[in-house]
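The following blocks contain the structures, represented as structure tokens.
Two complexes come next, and they have one chain in common, subunit A, joined by subunit B in the first and subunit C in the second.
And now, the complex of A and B:
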């Protein structure tokens, strides 16, 4: 099993597709950090605060960059890049015509799926957590460190250490969400020979879920939708800590991942490989 | 005969003080604060508020007459509600006010105080104020300011003697009602909200060191 995993990892690192996500995220973080350093779009908040407060120091820092980056990437870049790789691991074998050769080896189909899924998980976790780490490092280099200041139904100031712990937890929660989205893409890719279909399907499910969540008629489905729990990380920064809500969110995301993996495994084992 | 004279003088002292007008009391109290031209002090700031969720902050406050205030923080960011920052002469505006009168005497924390009421102008608005000034040292011990618009403030002050010369606050506690914060639901303005309590405790005063005006021109963090 470990040999399969090593082989899959070796194959994966040779694919240029693997590097699109990290490169794009690095450029995005760089652009945001440089932008925040040279033009502060939150200056209006400072002016508004200075009417009633004596304000010292800046709330634009590494923690602020990390926190606000999550707002922008949770539904866009991260799921897209996660799906791009997760949906490609099996589909590309079919597209390249190597899947039959892969299955000729003395390993079970389950082993193939498991080793590819482990690679997918590693990629998604590395991309999500790596984005957070890189954002903090670049934020420190360009904007400096300090307390995390949030404006959400009041003003919340978290000391730097607390902010780092909560940011780490937030990125871990988002990683769990991305794993669920990536797993859907992975499951779809087990019966397609083109990764684009898998990416489209997973992103469609994500955005469809976000739309259904807003429709009153489907409110009974809301607790089970992925998008309901994808934003749970917001609650790490404001309001009292609700452990039950976090556990529920993590459970839902893991169930999505596990169910998608199981579906992918079943489909791939029964699949008639013709390519 | 000298004994009679001494007795008369001893009685005349307190009686004379008791007959001070509100203006005289405020002027006497003002002299205490006016002796301080500038100071730098380390302070711990705690805010207990329904709309401000901030940890205890360690700040450095710079003050220069008449009303220049600058705050620095080791944590990089700090915010101090303006109305809760009782630095400098808290009686400056009131001393120039009208309708000043000594209402009564009252004990605050075991000390006899004049209770003075009056109206004064502050930032282009009229405000009614009550101030408790202790009879012994002529220091403002409690204040309550109610402007014609905007939130009202009530404050308590405790003092220490710095360098055996200057009376400066050791601790202040201001109770204010803050307006809605940025990104706060505008409806929040209409909902009854609890007050915000701003507590400051001071240590390490450095008084009359000739602080440069440049200190107060710094606009830290504004990019």
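And now, the complex of A and C:
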């Protein structure tokens, strides 16, 4: 099994598709950091605060960048890049015909699926956590460090150390969510010979779920929808800590991941390879 | 009797309502170079896909080296090298890296062995080039290389000379013969190149509409068909008339002083005597040599004949 995993990693690191996500995220973070440094879009907030408080330093810092970046990428870039790689690992081999060559070797289909899924998980986790780390590093370089100030039903000020811990937890929660989205894409790719189909299907499920959760008629489904729990990380920064809500969210995301993986495994073991 | 290395027992596969393979039973013995023939859509590729575990049969069993392909896939494929249709490789990796990856899935082999195989198929000087710059013929050669990499006891080759130039085809034919004769590797060869099969295979199976319509040794199958004889006479119309009256003899054609008949070998001399006694001058009696292509076309046109 370790050999299979090593081989999958060896192939993965040579694929240009693997580098699209990290490159795009790096450029995005750089653009946001540079933009925040040279224009202060939140100057009005600072002026308002100065009417009632003594404000020292800037609340536009590395922690602020990390927190607000997460807001913008949870439903856009991260799931897209996660699906792009997870949905490609099997589908591209089916499309290129290399899956035939693989399966004609003394290797079980379960081994193929497991090793590819582990690579998919590693990629998603590395992309999500790496984005957070890179945002903090670039934020520090361009904007400096400091407390995290949030305006959400009041003013919340988290000391730097607390902010870092909460940000790490937030990125970990988003990583778990992205793993669930990537797993759906992976499952779809086990019966398609086209990675675009897998990406489209997974993103469609994500956005469809986001729409459904807003419709009153479907409120009974809301606790089980992935998108209901993707935003749970917000609660790490404001309001009282609700451990039960976090556990429930993690559980739902893990169930989505595990169910998608199991479905992919079952489908791939049963399907005829005709490509 | 040699050991059976490849066997299908009443193998069947349907795709929706279409029956692609129908109760196919065939046996390939150790040391055989077995030609698997059939027209397009006959079920050859589906059979090979079932043999390699890519497609699940609806019924029946496929065994490689004594192991059921479905239930003991890893054991079955451990000593098997295969090309199923056009070989495919990771285009972003070099030829050597591709072979390294595929060899590790079969237990691994050292760089020397990889280079030796690349040399065998004439790709050693391109070993470090990425596969994306390879021509179709080069990919075909690399496909053969990956099939030979794990030192297999059985090689399954699906159209291995497709896309190769005449020299490449000759090289592959010679390679197959060398594998069989020197390295004692059993070869299961699916091909449209009937003259190629005739040159390298000792046994063949012919499949049409999913059914096996003939199987046996090439020489034996052709000998069965050596009952067509052509008489060269001075008056072919009269000759055809005379011969047509003989029992157990069938006139097939009559033109330009030549009459082709189908007849048991022991009746040829009697037919000749009859023609001479009828006042005709017989200048030649030529057994019409049927080759594998003739046999194949005859079998397929007849719509099948159990051998």
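Heads up, the rule we're going with is that the second predicted complex is superposed on the first by the 275 of 275 C-alpha atoms of A that agree within 3 Å, B and C clash if a C-alpha of one lies under 4 Å from a C-alpha of the other, contacts with A are read in each partner's own complex, and residues count from 1 in each chain.
Keep this in mind: contacts are C-beta pairs under 8 Å (C-beta built on N, C-alpha and C of every residue); 3 or more make two chains touch, one makes a residue touch a chain.
Just so it is clear, the model here is predicted, and its values are computed rather than measured.
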| item | value |
| --- | --- |
| Which superposed partner A:213 touches (first subunit B, second subunit C, both, neither) | neither |
| Subunit B versus subunit C as contact partner of A:54, first or second or both or neither | first |
| Which superposed partner A:26 touches (first subunit B, second subunit C, both, neither) | neither |
| Chain touching more of subunit A, residue-wise (subunit B, subunit C) | B |
| Subunit B versus subunit C as contact partner of A:144, first or second or both or neither | first |
| Partner chain(s) touched by A:193 [first = subunit B, second = subunit C, both, neither] | neither |
| Contacts of A:106 with subunit B and subunit C, given as first, second, both or neither | second |
| Contact residues common to both interfaces of subunit A (with subunit B and with subunit C) | none |
| Complex contacts: residues of subunit A adjacent to subunit B | 36-40, 43, 45-46, 48-49, 52-61, 144-147, 149, 151-160, 162, 238 |
| Residues on subunit C engaged by subunit A in the complex (per definition of touch) | 49, 52-56, 73-75, 77-78, 80, 82, 84-93, 101-102, 104-108, 146 |
| Of all residues in subunit B, those that touch subunit A in their complex | 49-55, 57, 59, 69-73, 75-83, 85, 178-179, 181-185, 188, 220-223 |
| Contact footprint of subunit C on subunit A as seen in their complex | 3-4, 7, 10-11, 14-16, 96-98, 100-108, 270, 272-274 |
